[in-house]
Structures are given as C-alpha cells and as structure tokens.
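Each chain gets a letter, A, B, C, D and E, in the order it is written, and its residues are counted from 1.
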Amino acid sequence: MATLIEHSSILIIAVPLLIAFLTPLIGMASKKARNVVVISSLAFVAFLVFTLARDVILNGIHIYTLGAMSPSLTIPEGIMRPVRIILEVDGVSVFMGIVVAIVSLVAVIYSLSAMKGETGQNKFYTLLLLMVGGTFGMVFTGDLFNLFVFLEITSISGAALIASRTRFADSQEGGFKYIVVSAVASLMVLFAISLLYAQYNLLNIGALAAAMQYTMLDRIALVILISAFAMKLGGVPMHMWLSDTYSVAPASITVLLITTSQASMYALMRMCFILYGVSLDLAVVGWIVIAIGILSMFIGVTMAVRQTDITRLIAYNCVCEAGFMLVGLGVGIAVLGDATVLRTYGTMAINGAIFHMINHALFEGLLFLVAGAIFYRIGTRDINQMGGLGHTMKLTAVFFLLGALASSGLPPFNGFASKILIYESVYQFNPILTIIGILVSIITLAVFVKAFFSAFTGPSLPKYEDVKEVPKTMIAAMTIFAVIIIIFGLFPGLVVDWIVRPATDALVNQASYIDAIRGAMP
Amino acid sequence: MRQFFAWLFLVVLMVFLVIGGFKMVHPFGEPPSAMDQYIIDNSQEQAGSNNVVAAVVFDYRGFDTLGEATVLFAAVTGVMFVLRAGGKKEET
Amino acid sequence: MSKIVRTVANQLMLFVLVFGLYVIVHGHVTPGGGFQGGAVIASGVVMLIVAFGSGQIKKSLRERRLSVVESSAALLFILVAFIGIGTVFFYNFLVGSRIFGDIPPTGTNPGNIWTGGVIPLMNVAVGLKVMAGLSAAVLALALFSGGEEIE
Amino acid sequence: MTLIVESGYEFWNPIVWLITFAVVMVIVYFFRKRGEEKYKKGEEQAQIFLCGEEVPAAEQRQVRGGNAYWGFFETLKEYYDGVVRMHTGIVNDYVVWFVAVTAISAIILLIVKLVG
Amino acid sequence: MAEILSGNFPLVAAIVLMGIGLYILIFRRNLIKIVMGIAILSSSVNLFLVTLGYRTGGIAPIYTEAPEGPMVLPVVQALVLTNIVIAVATSALILSLVIRIYRHTGSLDSKKSRRMKG
C-alpha cells in the first residue's frame, strides 16, 4: 500500500494513457471487453486519486521525481536546482484530481448508451481517456513545460471529440474554433514559459517561484499567462469559443470540457499564487482578475437569457459561473500580501471559489447531461421546438430542476453554500461586487425558469408522444451527479473541511510548495 | 473600427515583446546555464548517451516525450475519427 | 504521375527506409532520433502516395494496420517507462546492465552504439510510432480528399 | 460543528434550514387541508375553458421558450444590440480579443510599475 | 546610438515572426491561412527557444567525435523537438476539420462558417 501511494501520482496520469493506447487493440477484439476495461481503469484511477488525496491532506505535499534514483530525490548532487520533471501534488492538485476523477467516471458511464449508435467508438474512448489523462497531468505536474504538453493533449483530443458528430456542420466548426483558440493560447503559454526560462534557466514551478525577481520580463510573461489561461477557461471577453464548442459537443464530452476549463483555472491559480506569489502587484493583478470575473458574470448571464439553444444557454451559464470563481480568486489575490486581511476574509473568498469549482463541475455537468438526454430522445436542441417533455421524461425533468436550482444558488443545494462564502467575503472587500453577484444569481434563476418551463412543462405535444425515458446507464450517470449535489448541499461543512480548506491552505502557502522541492537538498 | 483596434492592440503587444526580447533577455550567446551545464556534464555518465539532446528527450525529460507521443497519437486518432465514414448507425 | 516518377519513387523508397532506420537506431550516438527518423520514413510514404495515388497505396498499406502498429509502438514506449517503476517511472534501468548498458568515456569519443540504456529502445518505439502515425494521418487525409471515407 | 459552513461573520447550516422548511411545509399543509374538497379529477371541471370556444390543439397552446422575457429584451435593447454584435462568431475575432486583453493588461502593469 | 542598437537581434526576428503569425490569425479569413498562421506562430516560438540556448562559438551537444568548444544548451532543443511534433499534430487535426467544414459549407471563408453566433 505504501508503494502504491508512493507511485500513485504517476499511476493516475499513466494508467489512462496506457489504457488509451490499449483501447484500439482491445476494441478490435471485443466491444464489451473494451467498455469493461475503460470503466474499470477509470474506477481504479478514481480509487488512486482518493487514496492520494487522503495521503496528501494528512501528510502534506507529495513529490515524485521522474527518472531519478528515488521519487523524493528532487535535486541531484552537485547542483542546487531541480533538473528532472517533478510531479508535485498539493491540496489544490488533489482537489482538482477528485473533480476530474468523479466527472470522468460519470462521463464514461453516460457515453456507454449515449454513443451506442455512433461509429468509431474505439477512437472515441481512446480520445476520451487521453483527455482524462491529460487533465490529470495538467493538475499534478510541477513543471511548466510539462503543463504545456498536457494542455496540448487535452486540447487536441478535446477538439477531435467535439467534432465527433461529423454529420453536423456546426460540430465541425466548433471543433475548429476550439483547436484554433487552444493552439493560440497554449503557444502563448509556451512563449511565456520561454521568457521565464531565459532569465532563470529553470522550468520547475517551485524553483522558479524561489528565484522569482519580478522584472519587467516577468511581468510580460505574467500578463501572457493570465490572458492565455483566462481564454482557456472562458473568461469574458475571450469566452465566445466556449459557447460555440460546448453547445455542439456530445454531452459526455461537454462534461469533460468543463473539467479541462477548470484545470485551466487551476493553472491560473498556480501561476498567480505559487509561481509569482507575493512578489507580484497584488492589488492590480487581483483587480484584473476581478474585472474579467465581473464581466464574465454579467455578460455570461445576460447572453444566456436570450439563447434559444438549450446547450448554448447552459454554456453561457458556465461562463457566468466561472465569473464567480474568478471574483473569489481575484479577491484572494488582491489581499494575499496582508496577513490579517487574508485571515479575516481572504481565505474565505478563496474557499468559496474553490468550493464553487467542484460544485460548478457537478451541477453544470448534470445540466449538460440532461440537455444531452433531451437531444438523444428528440434530436433537437432548440427550445422553441420542445414542450411537454416532463410528461414522459419525469426523472430527467427532476434532474434538470435540481441542477438549475443548484446553479442559481438556491438553498439548500451546494451552489448556495459556495456562493454565500463568496458573497460574504467579497462584501467586505467591495460591496458592489456582491450586489452584482446576487443580481446575476437572480437572472440565472430566470434563465433556468425559461429553459425548464419551455422544455418540460406545457401540454404534451403530439410529435413527442412516443418519447421514452432515456436508457438506464444515462439515468445512472445523472443520478451520481444528483446524489453528490444533494450530499454536498446538505453537508457543505464537511466538504469544506475535508478537501476545500487544505486546497486553500496549499494555495496561500507559497513557502511550503518551494520547500517541498528543496526537501531533499543535501 | 475592428481593423483599427486590431492593429492597435497587435502593435502594442508587439512593442512590449520586442522591447522585452531586445533589451531585457540576456545578451545573445551568453545564456544562464546552470541546469543545462549539469546535463551536458553528466549525460554520458547518468544516461549513457553521447547525444545530450537524446538524453534530455528520453531520460531527463522523458515524461515530456511521453506527452508528445501522446499528442501525436491523439492527433492521428483524431484525424481518423473526424474523417470516419458514417455518422450514426442503426440502433441495434 | 508518370511512369518515370513512379519508378524513381519506388527505387528511392529503399534508400529513404535505410536512412530513416539509420537515424532511428543511431539516435543516441549521432544527431537524430526516433522522431526524426520516423518523420523521414513517413515522408517517404508521402512520396509514394504522391507518385502512385492514394488508391494504389491503400491496397498495400491499410490505415487500420497502421493504427495497430502505432498503438503497439506507443504501448512499447509506455511499457518501457513502466518497467522503470521498480525504482521510479522513467528510470533508465538499463544503464550499466548488459543490454545497451555500456557507459561511454566522458568527453569526446568515437561513439558506441551499445550505450544509452533504455534510450535506443524508446527511440525505436517512437520511430515506429511516428512513422505509422504520420503515414496514417497523411493517408487518411489523402483518401478523404479523394472522396473515400475512412472506415 | 463541522456541518456548518462559517464565513467568519455568519454561518449556513442546511440542516437547520431543512427543519425550518419542513415546519413551514407542515403549516402550509395544515392550511391546505382546511380548504374545500370539491375538486374532482377527470370531470369537466378539470378541462380547459376558453369562453366557450373550442380549445386549440396542443401545438398552438404551447408557450415557446423563445417568446419568454420579451419585455426584458425590449427594455435592454441597446445593451443587447451592442453585446450581440460583439459575438460575431468569427474565429479571427476571438484572437483579436485575446491580443486586446493581453495588451491592455500589459499597459496597466507598465503604468503601475512607472507610477509605483 | 550604438548603445540603443546593442541588443538581441535574433530574438527580435523571432518576435517579428510571431507578429506575422498573429497578423495572419487576425486579418486573414481563409481557414487554410489560419492553419498557416498557427504554424508560423509555433515556428516563432521554436525560433525564440532555440535562440535562447545559443552560446557564442557553441557546437551541437553531441559528444561523438565532437570538435572543441562549448556546447549549446540541450534542454531548449528538446523542448523545440517536442513543440515541433505538437505543431505537426495540431496542423493535421485542424486540416482534417477544415476538410470537413469545406464538405459541409462549400467555402473556406471564416466569415461564412459561423453557424453559431450571438
């Protein structure tokens, strides 16, 4: 068991990749075997993630030096800096790992029957596993260039998956937009990395953080990193690709795309809090992030109101929810330098933002799955064409209502618990932000009222009279999300104490991240 | 309008980058090289490879290469996935 | 393409293959490596596609077979990395052993192919993978733009 | 107690909320129970009454989602005109926005450095 | 004057190339040209990286019958190798998507391929 934990961080990344390489070969032999292998490998990975999370939360940062004599040998003899690639797993990483593990398992279960009729399923599952592995790599790595490589893995496999319904022109277009945007963003990230490399001759995040001097060149790199990751997570005004791609991808892929966006947000946090830390102009950078967040909230929700395409509506709502997290993080960045203020409400804002990340993945995921279920049955996403579906798809309607209420931040669901943390802490920073936030929440409710009533209520239409409830595995996938939403809603304190607070502590504690790299220094 | 702003922002960004590259990066030909010098000095002994770049690619930064191979694998799978025949089979 | 082009391409392919294999196998001693050698061979395949047309090539080089080769090569690569997990993932466990285990003398030397530990193995795996992968991608693009759809 | 989320100033306890909600629901049910019980299902009473005219088919009776919140959009017409024009859907414009955000934040950081 | 002009010209060349790439991505509507823009952007980053690692009078970092002189930095070369392969992979995937879009819409204009807006 100790050995398993010691190697768990690399296994979590490498097992999905290994299975992805195997999938085409197994799939040629038997479809059933392929499905079993894919699901069991992801379940194994989820198990590893939970054991690793327990270990990290109890024992502190987990270090894994690839290719060295021993995993903890970060710095070789004769040199004072890390040479090899190091996986550094701290509280935030395992938090993101938990999100990805849950969501990927649900996505695979959902696609079992949702993708049943499609051709090319071997390649579908291969790409899905690659995407999961890439997201795990993004959140676990401690090396900047490695982060870039995994960013590319997620964007390339993601683009191919978005375009998987080749019979529709708009899905091809969505894939094209996604890969162009990701390629530009990740190349600019690489440029910023090369600026940092040019000055310090380092690629390790912890070592760079220790050496950081915040010269003008570092500022340029910081600006590029912030805007590139903000583009990848869909912050306004760089959010337009998000609604185009989320709306056309298969629902199980959209759920995974949410987690990759979250991984980009994780990367943004990693850059701001750990790589630059207290050395950057905290108030200014904080306000830049807050500005992007406020714009995301407002424009996202107002655009969501006028959509008539149900997935597009939820996608714009995603932009809006990302705004909440950005505001929380921005407040955290802005007060990072002041220890007392940080203690009074700074950590609370970050807590709220991080808690909202997992809630966001859960309820937006549930909503997208429901939208996918509707599309699966009636073949359209236009809410003008829908109506009266609640008569036949009762469970789906309940799930939609659950996700909608959680997303609008109504008690007692999980969205309320995280939003109230953000509101109350942000209120002490700047009351206007909270007022905008509450207003946006109200409009979010209006958005979902529109979507719910036009899709599920009303007289049952003749053309949808023979519409049945979706297959059992899809129901099972949605049930997992729904149950977790209810549990998180009823016991938010436990979640905050167990996984959210360690993540916040890891974020605000730059010194421990650096010390973990230095740990084995002679 | 769009043209004007696009040009403006592009030029501003380029001015920043050009000044950064021209003046602020280390002089050409004299890079800081603590990590790289260590690899140059030790690659023969530790990785057993005369080709230092091969040692970096497959030993010191082997994980990047795994990622890179994965990217290529994903792209090839993606190309064949996107160009595959048929959209939806009959449900069986 | 005309008969001259086809004949020349046919003859040249042998040299391309030999050169590509040389670049792959000597990756740890001389400039080159798996990626470069694989790209050389794949460009040879592209030359054949240009000369003979994708329909002709498809008869002898199915993209299904190519993707099997690619998957197996990727598996080989990651398995070699996995074997190192006895100590650490990606540990170069062959240095100092009897297979590819010689350690070259420090400093300039004439080069010895029996060195590098796992690096030659990985080079071969990556070379196969890049060759199969790039050929498959180009073949798929060529076939699709020629009007055929990929299975 | 770990079931509570504390934000430093206030707290949120879903269990207390649920108990309150249940109590209110019981009171509501109590009031509802005291109401008339003349409603009968499946009779003419449950049918739609439209001034004696014939009830249109379900297709026409349905309120479509696209018609919702008409007044909201009409009031905010200027805002929506601007915002919708921003979403051109052309991939080139997405890159322009990226460059714009990068350039603006670079200028802001430069100004901060020169001032402070 | 000499003081102002003394600087890092090779890096400027790389950044100008980046400007060209961004220019194409912003102003060219043709989808194939957008792919080219991404390729140029990627090449500019590669050029930038390789230039960073140069040492005056340096030789390739390979010990086999190496001439005298300092070796240039090997890590950037590995990074560039990785990035080249990634660029190839990206181009291949985008081109296949472009072919699909062309099949559907019959046009390569990015203004025409916007089913989704607003």
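The rule is simple: contacts are C-beta pairs under 8 Å (C-beta built on N, C-alpha and C of every residue); 3 or more make two chains touch, one makes a residue touch a chain.
Note that this is a predicted model, so its numbers are computed, not measured.
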Chain E and chain B - chains in contact with each: A, C, D
Most centrally placed chain - per-chain CA mean versus overall CA mean: A
Between the pairs A-C and C-E, the one where more C-beta pairs touch: A-C
Of all other chains, the one whose Cα centre sits farthest from chain D: C
Inter-centroid spacing, chain B versus chain A (mean Cα positions, whole Å): 23
Separation of mean Cα positions, chain E and chain D [Å, integer]: 44
Multi-chain contact sites of chain E, meaning residues that touch two or more partners: 18, 22, 25-27, 34, 48, 52, 62-64, 75-76, 79, 81-82, 85-86, 88-90, 92-93, 96-97, 99-100, 114-116, 118
Residues of chain A touching at least two other chains: 14, 17, 21, 24, 66-67, 145, 149, 152, 156, 159-160, 163, 166, 172, 175-176, 180, 184, 198, 203, 216, 220, 243-244, 303, 306
Junction residues of chain C, two or more chains touched: 29-31, 33, 67, 71, 74, 78, 81, 89-90, 92, 104, 107, 109, 111, 130, 134, 137, 140-141, 144
Complete list of chain pairs which touch one another: A-B, A-C, A-D, A-E, B-C, B-D, B-E, C-E, D-E
List of chain D residues in touch with chain A within their complex: 1-10, 12-15, 17-18, 21, 57-59, 61-66, 68-69, 72-73, 76, 79-80, 83-84, 86-89, 91, 93-95, 97-98, 100-102, 105-106, 108-110, 112-113, 116
Residue ranges of chain A touching chain E (in the complex, touch as defined): 145, 149, 152, 156, 159-160, 163, 166, 169-170, 172-176, 179-180, 183-184, 187, 190-191, 194, 197-198, 203, 243-244, 247-248, 303, 306, 312
Residue ranges of chain A touching chain C (in the complex, touch as defined): 7, 10, 14, 17-18, 21-22, 24-25, 28, 64-71
Residue ranges of chain E touching chain C (in the complex, touch as defined): 60, 62-66, 81, 84-85, 88, 92, 95-96, 99
Of all residues in chain B, those that touch chain D in their complex: 2, 5-6, 8-10, 12-13, 16
